[in-house]
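A short write-up of the structure that comes next.
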Amino acid sequence: MAEAAIALRPPLIDGDKTITEVTHDVCAPMEARPTALWWSALFVSSSLLLVGAIAIVYQISVGVGTWGLNRTVGWAFDITNFVFWIGIGHAGTLISAILFLFRQRWRTSVNRAAEAMTIFAVMCAGIFPVIHTGRPWFAYWMFPYPNTRGSLWVNFRSPLVWDFFAISTYLTVSAMFWFIGLLPDLATIRDRATAKWRRKLAGVLSLGWTGSYRAWQRYEVVYLMLAGLGTPLVISVHTIVSWDFATAVLPGWHATIFPPYFVASAIFSGMAMVLTLMIIARKLMHLEDYITIRHIERMSKLVITTSGIVGLAYATEFFTALYSGSSYEQFVFLNRALGPLFWGYWTMVGCNVFVPQLLWFRKVRTCVPAVFVISILVNVGMWFERFIIIVTSLSRDFIPANWFHYAPTRIEVATLVGTFGLFFTLFLLFCRFVPVIAVAEVKGVLKYGKPRMESAHE
Amino acid sequence: MTTKRPNSTRLHQYLSSRFLTLVLVVALAFSLLILVPKFNAYAVPGNQRGYEPAQPIAFSHRLHAGELQVQCLYCHSGAEKSRHAGIPAANVCMNCHRFVSAPLGAIRAEDELAKKEKREPQRVVSPEIQKLYDALALDDKMQPDPSKQLRPIAWTKVHNLPDFVYFDHRPHVNAGVRCQKCHGPVETMERVRQVEDLSMGWCVNCHRGVNRTGLDGNGNFTSAPAPAAEGPTPVTHRVYASIDCSTCHY
Amino acid sequence: MSKRLFIGVFDNEGSTLAAVRASRQHGFKVVDVYAPYAVHGVEEAMGLAPSRLPWFVFAVGLLGASLKVWFEFWTTAVDWPVNVGGKPFNSLPAFVPVTFEVMVLFAAVGAVLSFFVVCRLYPAKRAVLPVSGVTDNRFAVVLEQTDSTFEPAEVEKMFKDLHAVRVEEQITGETA
Amino acid sequence: MSGEKKQYWKTLAEKEGGPEFLRAPAEELSVASPRQFRRRDFMKATGFTLGVAFATGCSRAPVQRALPLLSEPEEFVPGRSLFYSTTCAGCSAGCGVFAKVRDGRPIKLEGNPEHPLSRGGLCATGQASLLGLYDSQRLQHPLKEGKKVSWLEVDRAIQAELARVRNERGTVRVLSGTIPSPTFRAAIQEFLRGFADARHVVYDPLSKSALLDAHAQTHAMRVLPHFHFDKAEVIVSFDADFLGTWISPVEYTAAYRAGRDLGSRHVSYHVQFEPRMSVAGSKADQRFAVAPGEMGLLVTQLTRRVARKAGAWFDESEPESASVTPAFLDELADRLWQARGRTLIVCGTNDSQQQVLTNYLNHLLGNYGTSIDLERPSLQAEGSDHELERLFGELRDGSVQALLIAGANPVFDLPGGEELGDALKKVPLLVSSAERIDETSALAKYVLPEPHYLETWSDTEAISGMVSLRQPTVHPLGETRTLVETIAAWSGKPRSSYDLLRESWKAKIFPRQKKEADFETFWERALEDGFAEVEPGSARPQPFNVRAVIPVLHAQSLAANSFALVLYPTVAMLDGHNAYNPWLHELPDPVTKVTWDNCACVSPATAGRLGLADGDVVRLVTSDSKTLELPTYLQPGQNERVIAVALGYGSRLSARFAKIGPQWIDALLSVGDNGLVGVNAAPLLTLSLGALQYTASEVTVTRTGKQRELASTQTHDTLTVPKRLTPRGSGPRPLIQETSLAAYRKDPHSGVEDHEEKEDLWPTDHPYSGPRWGMVIDLNACTGCSSCVVACQVENNIPVVGRDEIRRNREMHWLRIDRYYSERESGQIEVAYEPLMCQQCENAPCETVCPVLATVHSEDGLNQQVYNRCIGTRYCANNCPYKGRRFNWFNYAHDDQFENLVLNPDVAVRSRGVMEKCTFCVQRIQEAKIEAKCRGERVADGAVGTACQQSCPARAIYFGDLNDPTSQVSKMMADPRRYRLLEELNVRPSVGYLTVVRNRPAEGDERSKEERHG
């Protein structure tokens, strides 16, 4: 019967690995010389990063006026990108925390990369709230610290302050989460590294981890804790981000549906991004055995689910507008679908609701290139979702005399491109210097060396 | 040999870092030497407490306000009718210095000397007061001298506020706030020094205090009858110091 | 005083578990077990007491939350009450989000730091491994000789029976 | 721990490496250390010390000096403003103003409420004229052939040349615009007396010549009558923009508003016939877009109807029918006849025939002596185009020996500027007295710099018998000299303008009054008031001469696809002598809302037919093949056969604005291809039949294919959202709430949307115990003249951002005037103006979202904006339903040190990245509060006036303490007409609006019917 049990559940890792092989498979590519492919990828992404850096420096030295904003549309690309990246950042914690709590052990081969992605995405996101201010050098005023102004504090009623706390907390916690997960693997690297610098570095970072079981026991507990804390955190963060809009008076922003709507779309976009990166990483680092078709399939399923939620949210928005009887609300949504930015709106609906439906078919789910394309389309759609929400509501609000259109300048575009540059640069470096797969965790889910009876019920 | 290479580089780092630490320690000590006195002078950058610039004329507040008991408002008359207390125009100085051209002692001494030498005592003018006469282009008969040209006196401002702060002397003076409360014991200063840090917190906390415990801190909530009152006779009224932003920022 | 340690080295979790159980049955003192990953059931086998970390974390989180609520109330309603958009000085509902975030922050940081402290982990700490490879593919069960009844040969045999890769003996001057 | 401690090792390599690692240092030390240390470590160390250097360096603020006066005048207190009553010279209307002078420099002009004409109002041009004083490109010294010379030199040279001319008995001419100053006029006569053939030629670029000529024919005196719009119950205007640009807009606006006071029994009924949408037209109760060729015919038809009723003579031949329905004309004639003696007909065209007919109408209706005053005529325009024509002739055949051009710029603002320029070159002695180098003074041999009117003594007699004084408010900023002084100097008896003025007043003005026996007291009183009322001039009008009346029987017909061109002045530019003024270029036109350009206005229908869109550059070709290229602007309410182009643009004075506003990679210049702001349309004028013609027929329009996006501050301009996007069942948004006079008389509350005060979720922590500032704006009174916009700009140091920034919808005006069109069933276009600034909401949405408490509420109900705290997230602006906030996208130029002297020292100049907005002129509120506090009183009603309120000619803005039930503003708040914008949001604005009330008797206005029968 044990046999049967095993037969019923396909293994999480292909090619019946021993733990020795696991260590080797993950660490070998790091220790080998980087491939030409990697170099060229790094070159591209870092030059994008440079472009973005130049744009930002120019913008900060000349003024926010170098963006396409105006007295009607005060936010556009900046906050769109902010919300977009934060959204991306959600999948990591979701996979590592929520799936961990749900005992989804297949996560082990993707969570490391996903968490890394989270951190990088949040870094990208974090740039915008700072540079979008007119006087970035005073951005620290958002933090309540005792000062010589009779101690003038901050406005805790402002969603931006909430944002400030949410983002920083999120970054800290997910970084710690990531690092804790990394600890045993760093030790592994330390102990097998041949290059001195790597040994020294790993030695410093691994905090002298020995794999003593007394440590392992507490380790498990802490990991569980962080997972438990991370889950509500990840939900709260995007809820708060959504409040930036939901607490405002603008029609199209002032909606109670926003928190669940934003969280769902965040997970949606995050999952898509994870897929994209996974597919890249498994090609780049030859990890087909660890990131198997089954992983891709599972994540595709998550994508359809969340896509469904997002689609429902779109529909609900229209309904509430209609039901509210407020002509301002109704106008906003008519304007989204038929107004000057209709193309953006339909791109969003197309990419977020229609395209993912393809994933219902197993054939598509198991076809890696197809999934790759879809995952990218979803991210495009998600970017447009934020753009549409922000710009349509601002550009045409209560008083027609205020109405004005918005068009981005090259500076803005360059900045967006730059963040992608930053993101991929960091990710490529991550692939090189950190085990892309959580070695210790994968070892835990191998069938290798387990007494039959246990491996049966896992 | 081949095994030595890596070690030696490590050694360089080890050495240089030790060397570096040495340099840094010295630098640190040196810089603390510079910084410490400054830091206790002003806790935060921009704090000008203790600022005591030299003035074009060595005017002594101790002498005028202290010994001679000249009222602050006699010279700084703007304080009760304008935003700025104002630095007196030279002609205000001349109200006295038309007659007083040097310290009494000096003049007496000259008289003594003159008596001895059986001659007319000649006029004594202290160099500082001479600057005043020069500014007004006066000859020693105290008559305007067309050959000289008028030169306004460029005093150095001691109490400076940022451009975005609109402090107004009127309400303070008219409510009976003593000048010393903000400017310190000027009547004891040879050269005027900034005593308070004039930070926003300092202003706000004083305003709060006034609203809590009154002007002099013991529940006196009625201000002095306004001296600069036109129209209806002034009524003594409850002191209220607003801490609205627009009290100072607009 | 110096100590005498016996280390059984294994190459899979199954036999490691068995070894731990066996040694406890024999009444040997299991000093520690080293493994490349968290093996389930070892803590029971070793008879380790459950960690008290959760309670600590809970307390820290609570502390953070209450501090923040107090701070927000104090700054907006007590220290400098300002009329913001006609809202009351003490707008508690608006304080909830930040409070929550701070609670999570405190709890998480508390958890991690306490973990480091309790396990004495710190940067650049020199890792002392009983045998090489316990972070890769080796499992080590470390026994200590407690009294004279402790018979090295017996230990050796026991480990061998459980297909230990090898058995080492070490003398250490450290007071564990 | 014990010494011999057992060592563990992981790899063999380390085992080997270990001891060696320990051994290594001794060997390497000597060789390694110096080279190693020298490189970047050294940099590290220096970097650190540098850091320290900064830390120590940046701790002191720069030293500030204070230079007190050497001897202080009595009334002078540093930091206190003094107000001098004087007279505006922005145009010839002569409105009374107070100049606010702070520490020796004028920083603001305020209307003088005592002044009988302007009654406290001041127009946009007047407000902006202040900047002229600080214009760094103003002439500072005399020029001879373009080179700087001393006055002495110039005087000698000119005197010599004049002597020569005198001896040669040559012809001398003085060319000037209307000179309302009696002293100045006298001086010029004095100057001309010496010469054999000398004449003073007066012309107005915006000519009223025909109107004066008409009165010469009908009343035998060539004067401009003084119109009293407040005495008229029915006002009919034939293309006279009397609320915008015609003769004396401020005075007329004040009177017009008085005549439309809803409290009084009679509310004037205003009918406007005009080819384009003018300010006056936009306020009319009935408005007809009439082709200029038809105007005469219309006047005739109305006259004939009225004449019938009056049983008076009129040519019996039947005129052809005009586009306006006879029914309406009958009805109008009816009403005119009913209200005879209490009506007023004005005609703005420069066609003497039409003007004569208008006079006849007024005569038949008995308006002379009631609403039209010829006893005390207006002297605000006295130009004669006949004279001008003669002068042109003389100039062409080069018979003029000496020409003195006094403050006029004929080369720019008259037709045929080029030829005129060539002709001028032929004049041996060409002297120009001007403030700046303009098209004309550039040609002059001698240029005499005129001072700005705030620098000198002078006077103005706008209405015969209404003399106002002008006194200097600042020490002259350059070596300038008034022409009066100059002439005195030439005559050999140089005197100051002060002495000259007093002389002429003693001689001419003082005798014309009885009140004061002693000149000094008379002078003192006049100086204090800023004006004096004396006996008018002696001229008496003759009885009406009917023989002058010739009816117009036919409309000029236009060829198939040609158009009539209408050249009109704008509120900002007028005749273009203000083209140096950035404030006026940046001011959105009241109707078109276009800035930094003039454009070819066409009606939407025509545009549709020609396939033109906003910004398409078109070429206009007149019958005499003069051409003009400018961008199109679609103007609702304009006659379909009319192309309207604004005058006054394309002046060389505007060349300076190329790089105004922030310069960055994507920035565009503020000027056109010609390097100037807009294009000059004056060449398309024609001087024929003894009058300047402001209309031309047979103009063809061709598109050039070029594009020039217009910098308009309002892109969407209707009350309703686009049809396609309107949710079913939702009407126009209730931003403008209006009613008809009839409905208002029945129920004053009519037309106002009701909103019950919502229950608050919060407990209220904020009792407004002290004053609570509020504002009410009467939309019925507001004419959209935009003087408030400039007033606000001057008072609050609002930067000029230039054409490109406005094109990007980033204008900085804190106060904007929304202009709304709506279409009536009849197809007539209705206009409503809505001044919109920060509404100072009690539940301000902007405040809640600011993270750093940079915008919060004050205890007297103000929505404060703390510039120095703002970090510029723009969240507040996004969350403002009125979009009343402005953001400093760049560091806007304040680098013209000279121009900076105009900055208001009571208002901070905002830096880049900071949000700003209207705060009800909080600096004025603070001043008033402090003053009151020092006296131990509470702020009295009227003690605080905002800049916009103060300057409004229509008195449409009320401001004050809402907590004081007796204050005017709280009375207005209680007015049944009062509504608030977007009340459903429950943000509780402190600004209220009063409904627009349209007087439409034709549409069943019972009361007016009664009037008709009774």
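Letters A, B, C and D name the chains as they come in the text, with residue numbers starting at 1 for each one.
Operating definition for what follows: a contact is a pair of C-beta atoms (placed from the backbone, for glycine too) under 8 Å apart; a residue touches a chain by one contact, two chains touch by 3 or more.
For clarity, every value in this text was computed on a predicted model and none was experimentally measured.
S.K.: Report the chain whose CA-based centre is farthest from the CA-based centre of chain A.
M.R.: B
S.K.: So which has more C-beta pairs touching, A-B or A-D?
M.R.: More C-beta contacts join the chains of A-D.
S.K.: What whole-number Å value describes the gap between the mean CA coordinates of chain A and chain B?
M.R.: So the centre of chain A lies 58 Å away from the centre of chain B.
S.K.: As a quick test, compute the distance in whole Å between the mean CA positions of chain B and chain C.
M.R.: So the centre of chain B lies 64 Å away from the centre of chain C.
S.K.: Nearest whole angstrom, what separates the Cα centre of chain A from the Cα centre of chain C?
M.R.: Those two chain centres are 29 Å apart.
S.K.: Which residues belonging to chain B are in contact with no fewer than two other chains?
M.R.: Each of 243 in chain B touches at least two other chains.
S.K.: Residue numbers in chain A touching 2 or more other chains?
M.R.: Where chain A meets two or more other chains at a single residue, that happens at 150-155, 157, 161, 191.
S.K.: For chain C, which residues are shared contacts with two or more other chains?
M.R.: 80, 84-85, 87, 91, 128-130, 132
S.K.: If we count contacts the way the header does, which residues on chain D are in touch with chain A in the complex?
M.R.: Of all residues in chain D, those touching chain A are 10, 662, 664-666, 714-721, 724-727, 729-730, 733, 735, 805, 808-811, 818-820, 834, 836, 845, 848-853, 869-875, 877-879, 881-883, 885-891, 911-915, 981-982, 985, 987.
S.K.: Using the touch definition from the top, list the residues of chain C that touch chain A in their complex.
M.R.: Chain C reaches chain A through residues 11-15, 17, 32-40, 42-43, 46, 48, 51, 53-54, 57, 61, 71-72, 75-76, 79-80, 84-85, 87, 91, 94-95, 97-98, 100-102, 104-105, 107-109, 111-112, 115-116, 118-119, 121-130, 132-137.
S.K.: Hey, which residues of chain A end up touching chain B in the complex?
M.R.: 147-152, 196
S.K.: Touching residues of chain B toward chain D in the complex: what are they?
M.R.: 3, 7-8, 10-17, 19-20, 23-24, 27-28, 30-31, 34-35, 38, 41-42, 45-46, 48, 53, 77-78, 80-84, 86-92, 135-136, 150, 152-157, 160, 162-164, 166, 168, 170-171, 174-175, 223, 225-226, 228-232, 234-237, 242, 244-247, 249-250
S.K.: Write out the stretch or stretches of chain A touching chain C in their complex.
M.R.: 18-20, 23, 144, 150-157, 161-162, 165-166, 168-169, 172-173, 176-177, 180, 183-184, 187-188, 190-192, 203-222, 225-226, 229-230, 232-233, 236, 239-240, 243, 439-441, 443-444, 448-451, 454
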